[in-house]
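Going in written order, the chains are labelled A, B and C, and every chain counts its residues from 1.
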Amino acid sequence: MNSKLVVSSSPHLRTPETITSIMIDVIIALFPVALASVLIFGYYALVTIVVGVLAAMVTEAVLKMKTDIMSDGSAAVTGLLLALTLPPNAPLWIPAVGSACAILIAKHFFGGVGNNIFNPALVGRAILVMSWGTLMVGGSDFWPVPGVLNFSRNVAGADVETAATPLEAEIVAMGTGWQELLVGNVTGSLGETSAIAILIGAFWLFYKGHIDWRIPGGYIGTVFILGMLLGDGFYMDSVLMTGVFHVLAGGVMLGAFFMATDMVTSPVTPLGRLLFGVGCGVITMIIRLYGAYPEGVTFAILLMNAVTPIIDRYTVPKKFGEVKS
Amino acid sequence: MKAKAFKGGVHPEGHKEVTQRLSIVGSKLPERVVIPMQQHIGAPCEPLVEVGDEVKVGQKIGDTEAFVSAPIHASISGKVTAIEPYNHPTGAKVKSVIIEADGNDEWSQEVKPPGKSVEEMEPKEILNIIREAGIVGMGGAAFPAHVKLSPPPEKMIDTLILNGAECEPHLTADHRTMIEDPEGVVFGLKAMMKVLGVENGIIGIEENKPDAIKTMQEMAEKESNIIVVPLPTMYPQGAEKMLIEAINGRQVPSGGLPMDVGVVNQNVGTSRAIAQAIREGKPLIERPLTVTGAGINTPANLMVRVGTIVEEIIEQCNGMRDDACKVIIGGPMMGMAQPELDIPALKGTSGILVLTESEISYSEINSCIRCAKCVDVCPINLIPSFLGRAGEKGQVEVAEEYHALDCIECGCCTYVCPASRPLTQWIKIIKAEIMAQKKQ
Amino acid sequence: MEEIKVEVLLQAALALGGLGAIFGILLSVAARVFAVEVDERVEQISEVLPGANCGACGYAGCNNFAEAVCSGNADVGGCIPGGKDTVSEICQILGKEGVESVPKKAVVFCDGDRQTAVERFVYDGSPSCKHADKMGGGFKACAYGCLGLGDCVEACPFGAMKMGDNGLPLIDEEACEGCGVCANYCPRGIIGMIPRDYRNKLVMCNSRDRGKSVVKACPVGCNGCKACTKACPQEAITMEDNLAVIDVDKCDGCGECVAKCKQGAIKALGEQHAAVEKLPRLKLRKLRK
């Protein structure tokens, strides 16, 4: 013992967990989802995912001016999540541009990891949806319109032309069994179709303690209840099954377990997390049933991201032994 | 009776197997001791001896008029060679009496049994014995025992809890004390119950010490009003507030003390020291401590004289390994890392822990990723990530608003932080700043 | 394309114009009725202040200082970065006699860099001098030495400081406005303010320890041997708590002390940072000249 002693403040023990290890866990959790997307949509899904991940990592490395492309792994997670929200037939520049925008605009403009207000992957997706909307609903040559999502009945649309599509979509929805929704053998974005794959991945995150039940529970519970109450029981003529349909179809499962639970952009307080999940669910259902877009997960979560600081501010937990005044 | 788990907490690796089967053995008699005049929370003592004086073991060498204080005794017999500021585990220099041993280890005339049994003594008498023996809380905080045992009359105390949780990883001194002298622990507990006039004595022990639970239960069965409660193994189970909540479900109010909910809390080691003081008249001049950690060659539980230099204690355990790089006084979660080893072991020193390079991490401090793991583990229900940021930036008002002063500095938040942010350090700093502002 | 109807245009114009008129009247009435007495001198003084909000005057910003000066709570010479010109302008506005104000610059009175100064232990924790200073009395053997974690650099409102590779802060003399904020932020009080044009000798040490412990802790620290006080023909050097201090008004830069100092603690200013490249400028607003 010749060298100097190390002095630091207590505690002197640390968990081996680091930001990188958490990010790797998220990537592991997304593996079944990615695998399911490749199995369902074919090798093109794999290419899309690889492009999305690489674009995000390269953008991050360039912005940090480091050659270490892995960095802390958060860019890879962003790229992967973004790719999984894309339609299976998007041209390859779509994941590239989306990932680059996600990392540059949503993350580094706000000061890098930990400082972003909005979920980068969803910002990337939102930019893509608004800029190249037709490509993002998959309305191009070699894949049919993902009709399952288009179940919304636009009550405001008195116009005969716009009213026709939802009706048609409802027929598509009716033709899809809930078992198929569970397995994921339906149209939709790469990562959102297979509920089972998402649940397997989410289980890993629960097991590692990176997410708790509040956000996904609040989100899915709200979607289920609102789906039952407001969904008119259109699916299989059953109020209950309509709720199930709203949970399983579309991006709710992926959003609830992997997007809304993004640590940086969700509240830290336990009550806040529950409110956040419920808020996401309410906004998703409002957009789905009454909004112009068939799907509302992206914007629901982004809107709730924006109010996260306020939620945190007003849901400070009761401290131990708080004296009632 | 089954204790319920408190909210939050962490499960650090225990490492207790290293020393939990090693009996407490007497350490070598030191040739020189450094006895600081401040070893407790409260007012420092004034030396009662002068340079050149001959002192005997157990002779009182420091005392003060102040109530919140505890007298200090010579731990070896010999000659006072200096009274000067000396290194102290807290990092400050504290006025200390330095005694060179004469090798006789001759006990002072003052040390004699009172000649009465506890049953014959008045509570006041017992309290006086405890004070005169200089007994302080031996769990680490070193709060004078007699002060804790004299609650203001308006506080109705109904329960005395003995803390045998020893939730800090690595440490096993309390564990060994319970196994080796269960009779003494219970004796001290009964004496304290008499002082307070309470009927309920509860000994709380973490479930990772089944042998201690068994031994103590056997002792407790002989008494009608003492029970042993096994506690879930979880850090910081031994923190006063957590312990009381686990045992009888009462929450110590924010800013309050255990006596506000009718409870007084003492460590098992303190109880044993009180037993020795009452039966033998022996003041607190030695204490068991655990010398352990991967960096120490021969881990041990030692009975060490107060004032022994830490370096010598480590030498007795065959020194440190080459890759040892951190020496901690106390446990790994709340103990203090020491810049040098020329410091005395005190009444409140529960362990000396030597960590190696592989056990500590100088990880880079990253931005908070708001993972909320610190919020989930905080036993006091605070938001450590916000408090940490306030501490980092020196925002006193923000820290106060988020209840920084309620923090018990258990270190759970820093332990779990994946961004390796020194949250506890920041919170400690901002707490000190808030206190300083309040004083103004 | 549809023809735009004149009535529609008129309606719109009338509605908007009417609204504008109503609000205009309301606002002007409100401005009269709820008018707040503002000392117009406050505004004038704010105008002449540098506007960097550096806080050197002890107020939160330039406006607060202006208010304080007008109400007589602050000294007219309180604005250090503003220098002489600002002070005289403030005096003009207030109709007061001028007060002498010497432009200053900051100097780090420590030369114990990472190689030379002895370190007692390895510090692991919050990267702030203020916080490190509280941990075991600071990791440097010298309790007065620069910890080099850059609280001052963070604090400098003019971007005139940078942490050098040797663990000591560098100060860009041209960019330094002498506000003294860094000196306030240094937990050990190492940074001192000296006249801006001072080019002579300084004792680059802040240690009040006794000679022996200084030598043990740092090979370039002042050990208080007094050789310099005796050598100085101007009698500009005095001892303060074991530390030689050069009176900047008396020193003529002859260099006798430098030759006598065995520790090499006395240096000419600029010598110390001779090799310092210009720091990248980060001026938020050009200061008035």
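We adopt the following convention: contacts are C-beta pairs under 8 Å (C-beta built on N, C-alpha and C of every residue); 3 or more make two chains touch, one makes a residue touch a chain.
As the structure is a prediction and not an experimental result, all values here were calculated from the model.
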Chain closest to the middle, measuring from C-alpha centroids that were averaged per chain: B
Result of counting contacting C-beta pairs for A-C and A-B, higher pair: A-B
Rounded Å distance between chain B and chain C, as computed from the means of their C-alpha atoms: 46
Euclidean distance of C-alpha centroids - chain A vs chain C, Å: 48
Multi-chain contact sites of chain C, meaning residues that touch two or more partners: 120-122, 124-126, 135-136, 139
Sites on chain A at which at least two other chains make contact: 5-9
Per-residue multi-chain contacts in chain B, two or more chains: 325, 337-340, 360, 362, 422, 425
For the chain A and chain B complex, residues of the former touching the latter: 1, 3, 5-15, 17-19, 21-22, 72, 111-115, 209-210, 212, 263-270, 273, 312, 316-323
Residues of chain B that touch chain A when the two form their complex: 10, 12-13, 169, 241, 251-256, 319-322, 324-328, 332-341, 353, 355, 359-363, 366-373, 375-376, 379-383, 385-386, 402-403, 406, 409, 411-412, 414-420, 422, 424-425, 428
Touch list for chain C against partner chain A, complex: 119-126, 135-136, 139
Complex interface listing, chain B residues touching chain C: 91-92, 325, 337-340, 360, 362, 365, 392, 394, 422, 425-426, 429, 432
Footprint of chain C on chain A - complex, ascending: 4-9
